[in-house]
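For clarity, chains are labelled A, B, C and D in written order, and residue numbers in each chain start from 1.
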Amino acid sequence: MSGYLNGVTLVLVSPALAAALLAILPNYRLSARLNILASLLTLLAAFSLLAGRGPASPYALVDDLNIVFIVLSTVVGFTTSVFSASYIGHELETGRLTPINLRFYHAMYQVMMFGMNLALIANNIGLMWVAIELATLATVVMVGVYRTHEALEAAWKYFILASVGIAFALFGTILVYMAAQPMLGEGLQSMTWTVLIAHVSTFDPALLNVAFVFLFLGYGTKVGLAPLHAWLPDAHAEGPTPISAVLSGLLLNVALYAILRFKMLMTLNPAAIAPGPLMVTVGLISVIFAAFMLYRRRDIKRLFAYSSIEHMGIIVFAFGMGGPLANFAGLLQMTMHSLTKSAIFFTVGHIAQVKGTQKISDIRGLTESHPILGWGLVLGVIAIAGMPPLGIFMSEFLIVSSTFAREPLLAIALVFGLLIAFGALMLRLQGIVFGEATGSTAPSQASYLPIFAHLALVLAAGIYLPPMLVTWFQHVAQMLG
Amino acid sequence: MHNLAFDVSHLLAGGLVLVSFMMLYQDRLYALLNVFALHAVLLSLSVGWQAYIQDAPHLYVTALIALIFKALIIPIVLHRMIVRLGIHREIETTAGIGPIMLVGIGLVGLSMAVMLRVTADANLIAREDLAFALSVLLLGLLIMVTRRNAVGQVVGFMSLENGLVLAATGAKGMPLVVEISVAFSVLIAFIVIGIFLFRIRERFDSVDVQALDRFRGDRR
Amino acid sequence: MLLVVLLAPLITGLIRKMKARLLRRQGPPLLQPYRDLSRLLHKEVVLAENASWLFRAAPYLIFATTWVAAALVPTFARGLLFSWTADLIALVALLGSARFLLALAGMDIGTSFGGIGSSREVMIASLAEPAMIMIIFSLALLAGTTQLSGIAQYMVSPDVGLRVTLGLALVSLIMVGIAENARIPVDNPATHLELTMVHEAMILEYSGRHLALIELAASLKLLVYLSLIVCVFLPWGIAPAAGAGIDFAIGAAAFAAKLTVACFGLAIFETAIAKMRVFRVPTFLGAALMLGLLGALLLFVSRGL
Amino acid sequence: MPVAILLWCVLAYLLVAAFSVGLAKRPFTTSVVYAATALISVVACVTALFCLNSSQIATLRLPLGLPWLGASFHIDALSAFFLVVVNLGTAAASAYALGYGRHETSPERVLPFFAAFLAGMNLVVLADDAFTFLLAWEFMSLTSWALVLAHHRSPENIRASYIYILMASFGTFALLLAYGLLAGPAGHYGFDEIRAHHPDALYSVLVLGLVLIGAGSKAGLVPLHVWLPLAHPAAPSHVSALMSGVMTKVAVYAFIRIVLDLLGPPAWWWGVVVLGLGGITSLMGVLYALMQHDLKRLLAYHTVENIGIIFIGLGLTLAFRANGLMATAALALTAALFHVFNHSIFKSLLFFGSGAILTATGERDMEHLGGLIHRMPLTAFAFLVGCAAISALPPLNGFVSEWLTFQAILLSPELSQWGLKLIVPAVGAMLALSAALAAACFVKAFGITFLGRARTRAAEAAKETDRFSLAVMFGFAAICLLAGILPGFVIDAIAPAVQIILGGHMPHQASVPWLSIVPIAQNRSSYNGLLVFMFIAISASMSAYAIHVLASKVVRRAPAWDGGYPEKSPLTQYTAGSFAQPIRRVFGTLIFRARERVEIPPPGDTRPAKIEVNLEDVIWDVLYAPISGSIAFLADRLNVLQFLTIRRYLTLVFGALVVLLLAIAIWR
């Protein structure tokens, strides 16, 4: 009991405290270190959860499903904090950020981490909602942190769309409560996961249907599914790169996690609409749409933002298909995508810093001028494009092949989208990385550690998945049905 | 008693929908704000009534919050803002009033159609409230969509939140968590919007969202 | 084997003579080709400065390959000792390699004439060879073998009868033979007009013994085609594998007779017809190819035709 | 056990790659890496040979790849044969690169990927389950893509690599779908599981189509060949040799493995499809090649042609097998495999030669070469052998495999279906035609490049290439000759592979007297390369001897006579373009919409006369241009969505909500 308490509370408390502390710390170097330290602490706490989790309390719950997300998000959160430490230094020099902004930035970073962990651990749909909104609003502020015209516009767009999403999600939550309330009576228990799951089969299906629509749209806005994606590319492109990494690597996942939870609810109620087809459709739309959008991108960060949309589409598609194989593949894809995409954003951040631009057309021959960054980007893009021997290849292999045997047409549509996206990514990649080098060839004082740590993980996963991880994922896949 | 309770809550909720329609109809900012204040008042009334019939005292708090924040402070602040920004010109709605009204009616019909599927064992008040709440929410969204002006959109968003509150209070014995979070989100929403409007005014001399949209991602 | 080598120039001479006679000319004596050869042999070789080893080695190889090819064709007796070393396809391929070398040799000096010659030669060959293969298809499908002696045997045997395919094959074989041996109307062996010549253009730079070898090879090739035609399409009197001396004598006589007839036919044909434009040759050979393909198709579709 | 050895080899390749990443810039690294890869390849090749003889199936499963399945590997005779082909090629390429690689300006862009590429190719052939296969397959594409980009500064290389990687992953997806069908929803990815249950008729047709796309796009079947002539020449020559000579063979392996082994019994008309594709491919390939004047691109197009010939063999195999004529099927398959072997040899040889020319002159364009036979006689000789072999001239190896194919075609009247009866002779004609055209094309290639007079300074200044390259080239030339004059042994070596697939094989050849080969029966057809070779040698030497006895030995050097109009300038020589002109007139107008425009200035005008020829790649225009066009169009249209106002985006969300609510309202 106590061990579990420590774990859970630590995961929540350390970011919260750190946030409070960072808000008052003036010295940015120190705060950067503190940021790293706090993230590390959270990470360790998350690992401790792996060792000993305990019974669910009405507020907190740690099961196979969310611990995947918790560990993933704390890991990426940690590496990102390391990256951001080396990133912001340069931002200060170029004067894009002032120390004041920076204090704010660090505090918000931890607030966001807190929000996400809370959302993942919460055993109460209301609490989860609150936490996700907290995280979202934190990111909204951070996207706007540069105060530039573009940043503000992006943040404004993000804010408006996000708050509409908030509203939808809340309405959905209320509906779920109302569906549960007649069966479970009033009060907390009818908002508590474990209880809901247990009794969902008796709920009113019609209410659940409406609820799921709102929840799907509400949280789907944050997952960045087309046509709710509009905020995502700009938020990624205009915010500081660490935030882009965290957005793609974590926030999307957390929202996805919420959707998965409610999908479980829906599937357990026989009379309710099966959520699968809806998810599959929206996933496909996102994949194909994003794939075509990739071609006309001029801003490198926006390019990869769209690729995030594409991958979220794939993942939602996989979970929508359901079944042990597809769910397993979906989980794998999600994990790999978080690692890879954040690694790509780390790289892109440094590239943008050394080249002093985010315009794709101004970046050429990177492997000539900055070999490590260049080849790092090559590796990352190859991974994200689903090339072996990196992890995403395995998940896409499973998704496509398992789907094709069941629903050939869907699989072909998916493959079509993947191919289009692949073409766009490779086109841009070759343009950026090869050819005559342009722009400054000044060496970058980048921290390559986070980049290559992620890529190494992805590579390892593509070749060898440890059995413990596999059984764990398979169990989760079973849970998801 | 029960019958009366049903009638009153029905009346209030219906009134909310009606006021939403009025907001939809308004095309002057001041008028819009006033109507919104009315909207908030009605909301607080219905919440209060809910508190009374469910004898759930914490709902009075919610009602109070709604009354103070939404019916008084926000309209006033927005008034100030409009004056300061000097945009008392008419807000041109995108489409004509007529079609918008029609769409609104369609939405209400839709929300009814959706909600009446709910099996009868969910109690009646809840059902009706839910239907109205949904339509208020949809209308609020419609207002956001049809207004070109940031203030207008903010108001639309607020009325959307009202719909939420209505639904939340309609749900019997929903834990306090939710109201607080609603109030919370509204507060945060308001602060952030305020900040933004400030910044935006520093940058360009209007809160016209289109001015914001001058830059949109990759410039062509 | 030596016999064919000795015989070959005679054929050339014979044809020349006949053509001359047909044109009411006296014409060179029958043995003139031998005289030419010996003179060439005793002349010195004039090599262009930038002639390479290929240029000098080519004549021997060309001669050798042609000779081997010739040795594989049963002239007047079936069951040659080594007839199984290579079948008809291989034979065509052998002639092909001879042409390959010749075309290369033509390009070696880097003169425009050589280029003309080679490029036209390969163009002609690229159509003639497939046609030849098609002919082989028809024959092989009929006889159930690609062995030349086997085919000849089959042709003597009574169960041949009169077949459409054979007719087609014969016609296209003759066309191919004409094209391959640079006879009128495809090419004129007696001219050095740049616009018309093909074979002569390639060997323009050769002289002395090299030229002799190439000429010899050319007449060998002619002999090969003639004896192909006769041994496949007029196989009568050809001596069986295990035959007594008398059979061989008959065979030889018959062979000589057949050859003369063939030469006569060729001579008449050549005097009767005019040289055609180079770019009408493809249609000419295309026709041959189509005939061959048609023949093969007929066989595939039904064995009766 | 042998599997283990080969996997160790693969691991060794990867280690070499890793090693070369760090140290690529050091001078010694190049030689070390290539020496190492050569050594490993030799080991692998020997192991594979051993497996080929002892035709037992070895398997091995590692706990890698798909967790619950593991990565399983196996060697049967078929994969052993292909492993021999692969590693022979890689060994030669590595040895060649010992010399060639020295001229590499940026070795760090070649070495790691080279080693990894070798590993990939070996893995494909070793793989025993769908996942491992595809992983290795795509890895192979990926590494070769990087190699194509080795000289990444030239825009056309970047374009080539882009088209290549697109086509490659397109093919991979096709294979992926095919495996998806074969494995079924439960995901039986192991090959033995797939063999266990065959998909029903419709699905197997789908699989055939997908495999034709997947393997065909890698092998270069028309119309999926477009990337090949772009990518192969762009890479460094030893890599081009591998891509053309070996990687395409791996694709052939994929086709054989899936269609002939994993996928159940074929329907007769599959043969028609494959035959037709093969015939068209061989003909188109050689015609494209004739129109080229870039040496390496010409060779690449000839790869397309030879792939066509191989697929003709495979098509015949399918047809015969569908009719239960196993002996004949064995003949056809043997022909195909023999040609696989041959092509890997002489195409590598030719690419090595072109690489030597490239280093000596820096030119790939034949119009700028000429007269090299004087500067680089040895290279010229080896190259000549290669040309003769690929033109299917006896007594070299190319002829034997084509001869076998012809023999198989001649047996096809035994087939019962009309479709086959009609297409087989047509394909035979195509085969004959393409063989003849190939000969023409290589007369052109060799003649323009090596013969005549040098057309540029670079060609005049050329030097003979280094020892390693020459050694390798001569080695391969020797193999061409040996395989040509002793084909029996090769056929017997192939027999077990054929046995695995068809359960029968050609009669044993080594026992035949005089080492000649007899596909069916002595009296039916036979060929003896050894005797032909001996006869040619003997008669040539005899005639040479006779000449030297009888004739005068006097030799006088004099300027070229040239019909009395000698012309000093090398510009008057025939160029590649003019050489191909007659054939272009015959075929080109039809297939390439070839148009010539001659302008000869009036007398007294000093302008040079001009002739310009324009060819259109019809396949590209008809098939690929529209696709890329429509993608660009859609991308532009959709791109509008990036530039909407917030209100519009809200409208989108609103719309989505309404639609979904409507759906619910209507539902049930």
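A few remarks follow.
Throughout what follows, a residue touches a chain if its C-beta (ideal position, glycine included) is under 8 Å from a C-beta of that chain, and two chains touch if they have at least 3 such contacts.
Worth saying up front: this structure is predicted, and the values here are computed from it rather than measured.
Chains that touch both chain B and chain D: A. Comparing the centres of all chains, each the average of its CA atoms, the largest separation from chain B belongs to C. Relative to the centroid of all protein Cα atoms, the closest per-chain Cα centroid is that of D. Looking at which two chains touch through the most C-beta pairs, you get C-D.
Centre-to-centre separation between chain A and chain B, using Cα means, comes to 31 Å. Measuring from the averaged C-alpha position of chain B to that of chain C gives a distance of 100 Å. With centres set at the average Cα position, the gap from chain A to chain D is 44 Å.
The geometric centre of chain A is 78 Å away from that of chain C, both derived from CA atoms. Within chain D, the positions touching two or more other chains are listed as 642, 644, 646, 650, 653, 657, 661, 664.
Multi-chain contact residues of chain A (touching two or more other chains) are listed as 156, 160, 164, 209-210, 233, 296.
Residue positions of chain B touching 2 or more other chains, listed in rising order: 114, 117, 141, 144, 153, 212-213, 216-218.
Listed by chain label, the pairs that touch are A-B, A-D, B-D, C-D.
Taken together, the chain D residues at the contact with chain C in this complex read 370-371, 373-374, 377, 380, 384, 388, 391-394, 399, 403, 406-407, 409-410, 412-413, 418, 421-422, 424-426, 428-429, 432-433, 435-437, 439-440, 442-444, 446-448, 451-453, 514, 516, 522-528, 531-532, 535-537, 539-540, 543-544, 547, 550-552, 554-563, 566-567, 570, 572-574, 578-583, 585-586. Interface residues of chain B, counted against chain D in their complex, comprise 94, 107, 110-111, 113-114, 117, 138, 141-142, 144-145, 147-148, 153, 209-210, 212-213, 216-218, 220.
The touching residues of chain A, when paired with chain B in their complex, are 124, 126-127, 129-130, 133, 137, 140-141, 144, 147, 149-150, 152-153, 155-156, 159-160, 163-164, 166-167, 170-171, 173-175, 177-179, 181-182, 185-188, 191, 204, 206-207, 209-210, 233-234, 237, 296-299, 302.
By the touch rule above, chain D contacts chain A in their complex via residues 63-68, 109, 130-131, 134-136, 138-139, 142, 149, 152-153, 155, 158, 161-162, 165-166, 169-170, 173, 176-177, 179-181, 183-185, 187, 189, 631-632, 634-636, 638-639, 641-642, 644, 646, 649-650, 652-653, 655-657, 660-661, 664, 667.
Chain D contributes residues 642-647, 650-651, 653-654, 657-658, 661-662, 664-665 to its touches with chain B in the complex.
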